[in-house]
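Same chain, two partners: chain A is paired with chain B first, then with chain C.
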Partner chain A sequence: MSSDAVSRAGLPAHFFAVSLSAGLLALMTWFIWSAPPVARTVWLAGGWTFGVLFYYGALRYPHWYWQTLERWYHQLGSPPHFYRIAGLWLPWLVIIATVLCVVGVVWGLAFAPPHHEQGNSYRIIYLHVPASSAALMAYVAMGVAGLVALVWRLKMAEIAIKAIAPFGAIMAAVSLISGAIWGRPTWGTYWIWDARLTSMLILLFMYLGVIALQNAIRDPRQAGQAASLLSVVGVINVVIVRYSVDWWQSLHQGSSMSMFGTAGSAIHPSMLAPLLLCMFGTYFLFAVTVLVRARTEILWRERKSAWVREEVA
Partner chain B sequence: MHFDSLAELWQMGVHGPWVWSAYGICVALIALNVVWAVHRGRRVRRDIRGLIRRQSLQEKQ
Partner chain C sequence: MSGFSATLRREVLLASRSPADMVNPLFFFVVVVSLFPLAVPPTPGLLEAMAPGVVWVAALLAVMLSLDGLFRSDEEAGVLDQLLVAPVELYFTVLAKVLAHWLLTGLPLVLVAPLLGYMLQLPAEVLGSLLLGLLLGTPTLMFIGAIGAALTVGLRRGSMLLALLVLPLYIPVLVFGAGSLGRALEGLPVSPVMAVLGAMLAMAMSLGPFAVALGLRISSGD
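Right, the complex of A and B next:
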């Protein structure tokens, strides 16, 4: 937005930016107004602080903002830069992921109260829900990377897909296995061909398909393009998994957590807190394994270049 | 802690076998995922070092 054009029209230069941000913040306030008071306060305070700081920064230093965005895009899109930055971040991500997962799991297994109907079997939730959510989130990330790889042919996006797929496959398997074991004492069966369970199994096969496709085609660029296409198309299955419990009659319960839901989360804070820790821990674990695999893939693809030879020597 | 002793934590009422088998299998899978990623990284580095060595040998000959 050029400030000249706007001021010539007789409006203050930042009129549109201010109204847009205020509108977004108002929308956010309206969405989360029905959430529990603590969550609402945290979301609102965080949202407004971030919004105001971002807006103030963008007004004061527009060039700096633009240049930073551009620099990030180039650095993350360039394999040597990505390799270096990922190497700097990895130790911290490992520490955060370990702490969150260990605290969350110990809290969930030993300290959270039991469920009034399911007793202690519900403690599998601290494994099942983070794994399922990470498996779905990873596929969406793969779909976004696939789109970038198809449209801009960015090499890093193809590498990202290759790095994400094994993590997603493992998480989908963990979700299915933990769900089956939880199902036996709760529903009386390990498995039924239910919409939620079947679509989750398909998600696992989609991940295996992406991995198989990458291994079947010899040329890495061609393999990357084929895998990108499958990643983008497969995102439709993520939507099906997410809404399967609403669209079809299902033995699987609906979601008990909600960020903006009308009644907030249907799960008590004493059970929700460790669950959130486990979920964030799993997301950090996602970052860790994806960065490790991406670094490996970068080294192999660039093995003829001088910087890789210096790096491994 | 919600449980009075470690034995009770292990038994989890009647649900011990389900909960601990789920955690055992799945934590092993997740650990395998990390070990697999790190191991492949090491192997690729070793392979590239091998490539460099072979190339420098050829150059000498």
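Right, the complex of A and C next:
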């Protein structure tokens, strides 16, 4: 039986490759097209510069590119190597995450100016926005890892899904709870069936589904593959859910920060700076959590091998 | 394509030998819908306002429960392993299997829905959009749910897990399906919502079997 995910599903490989690249191209075109003129110029110029440099390098030094790619694939795909590399990175990531989170939270809670309508209650965004963004980002990361696990059957990608899912679920829960606490004084209710709230709730359910499926299957490789398929299907579903619930009337305020939108950022720089610190801090926290969980999972899966015995002893 | 017609024929033959499996989801659908008028106070207009949600949630649950056995009997009899190694495209085998399942359990459910809508005091003008919405929505539910059924086929007590996996995936269909009926009740045109339901059906039908086939291979330990 073939080990290739594409032939496993009974379709020729070029079907998969062509549809994936067409989708990516369409997505990038749409992003650049919907940006304001200045941003469009910057994105296009940056993209062309990067692309020309990359292709020039790839044509000039094909072996170097190929070898680097292969080395990464083998090193990050092999559990002992990943364990050691992650161990080297972890102290630095912990320091960066701590500094960013502490500075961002203290600045946001104590020094940022109060909102002219919401007073001090708006300060919950320093918890709410990073958590929501991390919950979404973690699901996309899980989908990408799932695709890698399905196509190349990389064991590390399966471990990554197992490491990401609980973090994402907790972030979605934090986002929902902090939003409810903020909604009570501002909207006058803890919960409302609004588009964004509902999408986040469904995102939480989907995280729980991935965790449940993983726990139900005993064989770790099989559990990893099943969870990969569910995460990939889930990413498509998250997008559709987002648009389908937007179809209702939405009460939630629109996104205040925008990289692509025509209006630019609607939030004042004195409030935005600590928010950005908190968001990047949360992303680093994500990296720390995932690496620690992945390392633990590697140790457990490879517990019978010699290098783990040496490591633990 | 020989795998497609052969599977279709086999499924219909199997269903004709044990018609009870075919009737049970239909019976479930009818019973669940008739529970609501008993639980809700018979205030005029209340039942009508609830009807879109009630019919669609009941149909969704009936489809999901019927999917639990989609691959299980094949797996127990060893037929599934034969399908996996057979020299035909698994994509078309799965497509035929899910389509046959919809013809045998989903279509009766759709056909009985206008009667239930009448019981829920829906006006006769909207029964057409109820029928059309379910006609487009139930096969979508089948194809999405089949992914969950494929992933949980070898597991004991898989039906609870199937519900956990599949229900979040059903939400877009539910929103637009019940939404189409709601629009019809307000006298608004339903064709845009029907177009979205049709688009979801096209996507689920073309990409769904791909994921189901992969799920079956994963569950069989390949």
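FYI, the second predicted complex is superposed on the first by the 235 of 313 C-alpha atoms of A that agree within 3 Å, B and C clash if a C-alpha of one lies under 4 Å from a C-alpha of the other, contacts with A are read in each partner's own complex, and residues count from 1 in each chain.
What we mean here is this: a contact is a pair of C-beta atoms (placed from the backbone, for glycine too) under 8 Å apart; a residue touches a chain by one contact, two chains touch by 3 or more.
It should be emphasised that the depicted structure is a prediction, and the values quoted were computed from it without experimental measurement.
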item	value
Partner chain(s) touched by A:Leu208 [first = chain B, second = chain C, both, neither]	second
First (chain B), second (chain C), both or neither touched by A:Val103	neither
Which of chain B and chain C A:Ala112 touches, first, second, both or neither	first
Touching partner for A:Ile192 - first (chain B), second (chain C), both, neither	neither
First (chain B), second (chain C), both or neither touched by A:Leu127	first
Which superposed partner A:Gln222 touches (first chain B, second chain C, both, neither)	second
Partner chain(s) touched by A:Leu44 [first = chain B, second = chain C, both, neither]	neither
Chain A: partner with more touched residues, chain B or chain C	B
Chain B/chain C common contact set on chain A	none
Residue ranges of chain A touching chain C (in the complex, touch as defined)	1, 5, 8-11, 150, 202, 205-206, 208-209, 212-213, 216-217, 219, 222, 225-226, 229-230, 232-234, 237, 240-241, 244-245, 247-248
Parts of chain B lying in touch with chain A, wherever the complex brings them together	1-3, 9, 12-16, 18-19, 21-23, 25-27, 29-30, 32-34, 36-38, 40-41, 44-45, 47-49, 51-52
Complex contacts: residues of chain C adjacent to chain A	85, 89-92, 147, 151-152, 155, 158, 161, 164-165, 167-169, 171-172, 175-176, 179, 200, 210-211, 213-215, 217-219, 221-222
Residues on chain A engaged by chain B in the complex (per definition of touch)	105, 109-114, 119-121, 123-124, 127-128, 131, 166-167, 170, 173-174, 177-178, 181-182, 184-185, 285, 288-289, 292-293, 295-296, 299-300, 303, 308-309, 312-313
